[in-house]
Amino acid sequence: MMLEVDKINVFYGAIHALTDISFNVEEGEIVALIGANGAGKSTSLKTLSGLLHPTTGSIRFLEEDISTKAAEEIVRKGIIHVPEGRKIFAPLTVMENLEMGAFLQNDKDQIACDIRSAFERFPRLKERQNQLGGTLSGGEQQMLAIARGLMSHPKLMLLDEPSMGLAPVLVEQIFEIIQEINKQGTSILLVEQNAKMALSIANRAYVLETGSVVLEGAAKDVMENSSVIQAYLGG
Amino acid sequence: MERKNQNPIVNWIVKSKILGILFFVIIGATAVFKLGTALLDNPSLFLQQVVNGLQLGFVYALIALGYTMIYGIIQLINFAHGDVFMVGAFASFYSISRYNVHLWFQNLFPSVPAMLAQAIGAVTVVLVSMVVCALLAFTIERIAYKPLRTAPRISALITAIGISFFLEYFGALGFVFTPNYITYERPFEVTSWYIGPEGFGSIQAGVATPPHSLIFSNIFLIIVLASVFLLLVLQYIVKRTKIGKAMRAVAYDKPTARLMGINSDAVISITFALGAALAGAAGVLYAIAYPQVFFSMGIIPGMKAFVAAVVGGIGSIPGAFIGALIMGQAETLSAAYISTPMRDAIAFSLLIVVLLIRPKGIMGETSSEKV
Amino acid sequence: APAAAEGPAAAEGDTIKVANLSPLTGPVPTFGESTKNGFMMAVEEWNANGGILGKQIEPIVEDSQCTADPAVNAANKVIDQDGVHYIVGEVCSSASIPVSEVAQEKGVLMISPTSTNADVTLNLDGTTKDMVFRACFIDPFQGLVMAKFASDQGYTKAFVMSDQGNDYVRGLAEVFSEKFVEYGGEIVGSENYTGTDTDFSAILTKVADSGAEVLYLPDYYNVINLVAAQAKQLGITAVMMGADGWDSSDLDIAAADGGYYSNHYSPDDTRDVVVDWVSKYTEKYGATPDALATLAYDATNLLFAAIEKAGVDDAAAVATAMESLSYDAVSGTVTFDEQHNPIKSAVVLQVKDGAIQFVASVAP
Amino acid sequence: MNRLNKTSIFFLVGAVLVFGIVQALISAGIINSFWSTIVLLAGVMAIVSLGLNLIYGFNGQFSLGQYGFYAIGAYTAADITYRWVQLHSASGLTVILMISILVGLAIFLIRGVVSKIRGMDTLSAFALYLAGVLVAIFIATRLGMLIANPVTALFNLMPEKVAQYVVYLIAVLLGGLIAGEVSFLFGLPVLTLGSDYFGIATLGFTIIVKVLLDNSDTMLGFDEMKGARGMIGIPKITTWATVFIFLLITIIVIRNLLNSSYGRAIVSIREDETAATSMGIDVAFYKTITFVIGSFFGGLAGGLYAHINGFLHPNTFSFVKSFDPLIVVVFGGLGSVTGTVGAAFGWALVLEGVLRLILPEGFETWRFVIYPTLLLIMMLLKPNGLFGNYEIPFIRSVVPPLKEKKADEETAKEVA
Amino acid sequence: MAENTNTTPILELRKLCRYFGGLKAVNEVDLVLQPHALNGLIGPNGSGKTTIFNVITGIYEPTGGEVVFEGQSIGGLDPYIINQMGIARTFQNIRLFPNLTVLDNVRIAYHTHAGYSMSDAIMHSKHFDKKENELTEKAQDFLRVFNLQDRQAEIARNLPYGEQRRLEIARALASSPKLLLLDEPAAGMNPKEAITLMELIHFIRDKFDLTILLIEHQMRVVMGICEHITVMDFGQVIARGSAQDVQKDSHVIEAYLGPGAAELSKQYLKERKQ
């Protein structure tokens, strides 16, 4: 088991955002987390990546408890979180944003090589490589965020709504890329509003509702679940 | 909504912004006229004043660099910076007059040429101050700023003011530093040279220098070299090195920086230490140039350097440098040729005018926020 | 701050409370420090000799920051909270003036050791505030002394520098300029700076260019130190002259070498009070007393002598006694004129070869 | 029914009580002049800080210029009463009155013209205003001198004390007005700067004002102000009653303003300037008006201040001191009226009062070591200020209850 | 009454350009919006859609060309004037007044119609009370439309994402526009929520007699409700027409929709008919 989340509880001050949530990710899997706005999907990812800490429960990554570790340490262990809302470093250029993604990497040649492959994957970024991140369009920023996340060769990638605000052609492309990344050996935990798309590429899925897991199972099964169709997949 | 049917003359006036330009032209012209006549009147005197202004400007630049660095990274107007600068000056004062740090090399290797030994000694003194200040800033950061990371920006500004008061008045206590003005013993001798129609030579006490010559000292040279050197180093660190880029990333968005594996607390501490080290170096050089140390010596230069840094463009290192040079010239030339009592008023007016023309400062980056 | 009562368990009424307002914080704490030292020294001496009128003196020191509001607060505090009838202070005129009005209003006797502004002892209509005295020269005298001295030495071209924001410096500079011309000299330039300046090169460059023989700079030692050092760097040969502000153990004797200044007394003076004062102070505080400490010591002594002369612990009576007092102070035998300014002579000293040397004495 | 509700009555009763108790204690001599002076200074500090809180706390413009306006108000008011008391002339009053009226008029006239010309460059507008104001001042001075004698005679009809008090009240108001008008002129170009740049420009303003005051006798020609020697001869007639009433008025005006559509427009600019302007808020106008109102209170407080100790010195308005109101505002809680008032009194009473009393002999200098230490500890414990954004019920804006449903509601339900 | 104005467009862009340095973010765009129409603006990321909004609303000055609103050229005017003339918008990245209540967010947008003077406010006059009550009721009505009335006392920052989006539209509406610009209103919503929003947009268009221009990447929304669609790429218009027309356009498929989209779009059209 690569990632095991066991009954974690997370609070924002007095707000109880996650209640006894458990889920896991196996090596090589794509796992989808779906749920309505405010269900706690982003909170789950923030907890995994160490931006938040659970009050109770445990998070084990590769057999090690990481629930109290700082965010920067967790990155070292191989978990990368591509946050909701892109979170590009606005005053840094595209190139520098990518370099920040490789912050823990010390091998210059490797970094150069990774940047090259990022540009191959997203030619648009190459055109804009010296533009400030903050002035990119929304879609460009999303591409940059994913590319930046890949720079550290993560073992597990947490993607928070990667298709948000992207043109349909790019959405398809992004999902292809996710699959490709996965094939190359990175496990993926995917949060998506576009549940149909997400479920179509995921192995397994969890459905969150107001801070609890209400349904879990193979992606196929979840996709056919009537209440899921009713609530998330649209009429 | 009666936008149409505007009088063409009115329209022209509006479009061409002629009134605003005229306004500045009139003000500017009077100043230029005054300075111009001064230059024609006595060119060597004028040039000497420019040199004087340069020395002051480069000193401001040294302080401004550290200011802008901290300001650029954590958006904190570190009002205690001037006081760290003061501590730097005192540290060097004690290391020179109590511990003879500036002589260590000379004492160890008496055979080495005096010039070299002195230089090494002086550099050591500067380094000692830089380290002391870095440590001090590190402590301050941990105590007073770090707990306020998530608080509104202004809270940290108030603690900065608090720290500033504290350093001053704690320093003024008899058993800490002293409330007195103390004459500063320089780590090396001052030599002044003149250069002019009569040629080049060094100035001897009691002997009149030839007229119409330009006078400058080794202190001037050292300050210029040191500030240019530190400018380049800093610019390199921030723009080119990984830690520098990490600083900018942290400056913009701490949580996301942490998601990249950047230890944002460490980066901020390093930034502070670096900024303070610069303040320390500035403190030593300032004390060498104006050989006196006292507990409140940091307030005025700190404030002026800060204003210069902002006018140069918040967070821009070359901007701080240019702003400081302008500040130096503005002060010296208005003191020399316009009005001494109104000097500060003139200098600050000029800086406000610069801001009006370039609202983001001279080298200010255009807003990176996209709507 | 409430002082621990001197002497064994002095009951209320057994002591005479005297307050000192000194700028212990603010822009010039070093002045405050000296003033407080001088004051405390006088108090301790009198107490050691049995106090005044058989009562011990209870000193109360309060910080007045050289600024109007805190100084008034401090004055109100010592008067209303502590019930003091006598105040020695403040140092800065800008604080002494509002304090003098409080003192006058509340019938408390005040003697400022060092405030030179005429308004301290005068009402707006030119009448004298009957409860307010000072122990220092007012501005004109020292300026005149130095102008006369300079022209006696044969100098004819002087350059005057003054701090526009400091009425002490400004007053002296104005009088010097006026008198020097009267004595046949020429003012070849005059420039202003502000008290927080450290860079004087712009002005000094002009000094060099003006061909001045004398640079008159009646500011405090801290400014002198900076100006002297920079003047040296710029190869300036004019002789520096100044006033009692120079008088400090922290004066940079090397940089100011060759300069002259006017003062209240000469440390070479062999009068007992002077020798005593200098040696006791040096012993206690580890530095030779500066002008501020000396004047505070004198002011305090004048006050105590007046109380003794009046024979009662009553501010109004003491004020009357003070008017006709003649007292042998460190800075000479002091009597007061009708504007409550001391009448005493000045000396001219020279900084030479690492020491301060007596040059001349000038009576008013 | 909203007009005099329970909280308003409660507040007014409370205010009267506070006033009465303090006044009684002062009259009885229980609060001696040491404490009463501090209370007056605290009240004045509260007014200055409320002005700054409006500018910074509510409008989001980081200003270090408040003490500049405070100084302008103080010297303006002092000059008027000085001339009245010492020179027995209303010339200060009439000239400054005329100036404030004519300059105000000029500003309104020019604003009428400028607002018609859309897209006028700010600096051009500034040049226009400046020219207009200079002309207005020129005319006003002549006019003021012209009517000075008759007005003096008029005032002399009143009993001396009354006349003096009336002159004083007008002087205080004029101090505020002049400060407001200066802030308009200065703010016009400078308010277009982003927040921190604005802060620097206002810091520059404070320094410029201080330098001008240092040279008020030589460069500006006001001999009675005596430049750096300090201005004396100002009557000491500010009392607890006056300070209290002005403070009360300030609180009520700010409260009423904030709880109106104008106040919300002001606050929206702090929240998000781009969104505000996109929602039809004239950002430049509201920034200017807020700055003017805030500075007006600064000037007003200055007028009151000048008549407490009867002595003005430029050093009181130095830039280091100008941090005081900022400290008070942040200390009380940025954007809290209650907090500002509380902090102003707490700050003055502790710093000038309590600390003086408790420090033992020989530790006088520790006052300024303890003060920043206290400040630091407080900020660390309460980073959002003592009161955060708490307001007493009178000041707090209440969210009105939902009115009975209208016809729309069904449609809304069916849609959402 | 929509009929009389049918002939004159409410908004017209004529050869509108906006460059950033060398980048031609918007390049000679012509666009005509008829009153009461529901228009879509789509295009790949970075094609200049948001920039067009920014130019129309006065955040950016046009580099060239003209923006004509109801017959008046408005290019380069201040945003607040443009808003007062009748154009309101929402932002791609939500920009509420985060620390104010939901009610105040809406009341601020209604500010121009407050109907009392500043001195009324300061004196707290009777007139003020009356008008302020009216204003508040009006604001509450807007909240009702978006089913936010129970949230009125909430601080905007604390609302869930979906409600923030709705509040932003409510706020824009409160400034009483004739033309409403919505920048990706359904971003971050799941398809179910998006459909609800779509219906809401339809509803307010009719209720307030608005013209709407919306940017959106969720084709379900765009194809479902837009009567007229403009497609941009590299700052230029590459296609325009009805949903059907645009979807068939090969440029559009290539640049934006992607090959897999043809299938989906049929489904959206079906949904729309239902």
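As written, the chain order gives the labels A, B, C, D and E, with residue 1 at the start of each chain.
Everything that follows uses one rule, which is that a contact is a pair of C-beta atoms (placed from the backbone, for glycine too) under 8 Å apart; a residue touches a chain by one contact, two chains touch by 3 or more.
Predicted model only: the values in this text are computed from it and were never measured.
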Every chain in contact with both chain B and chain C is listed here as D
Chain centres computed over CA atoms; the one at greatest distance from chain D is chain A
Relative to chain B, chain with the most remote C-alpha centre:
E
Using mean CA coordinates as chain centres, what's the chain A-chain C distance in Å?
75
Round to the nearest whole Å and give the separation of the Cα centres of chain A and chain B.
45
Can you give the whole-Å distance between the Cα centres of chain C and chain D?
38
For chain A paired with chain D, centre-to-centre distance based on mean C-alpha positions, whole Å:
52
By residue number and range, which residues of chain D touch two or more other chains?
118-119, 214-215, 218, 274, 365, 368
Return the residues of chain B touching two or more other chains; collapse runs of consecutive numbers into ranges.
3, 169, 172, 179, 299, 341, 343-344, 371
Send over the residues of chain C in touch with two or more other chains.
24-25, 27, 29, 164, 194
Note which residues of chain B are touching chain A in the complex, please.
242, 245-246, 248-249, 251-253, 255-264, 365, 368-370
Touching chain D in the complex: which residues of chain E?
57-59, 76-81, 83-84, 88-89, 91, 95-101, 103-104, 107-112, 114, 116, 118, 121-124, 126, 128-129, 132-133, 135-137, 140-141, 144-147, 149, 152-153, 171-172, 175, 196, 199-200, 203, 207
Would you tell me which residues of chain E are touching chain A in their complex?
20, 42-47, 50, 92-93, 160-162, 184, 187-195, 217, 219-220, 255-258, 260-261, 264, 271
Looking at the complex, which residues from chain D come into contact with chain C?
32-35, 37-38, 41, 86, 214-215, 218, 227-230, 232-233, 236, 309-316, 352-353, 356-357, 359-365, 367-368
Chain E partner, complex, touching residues on chain A are 34, 36-38, 85, 124, 135-140, 142-143, 161, 164-173, 193-196, 231-235
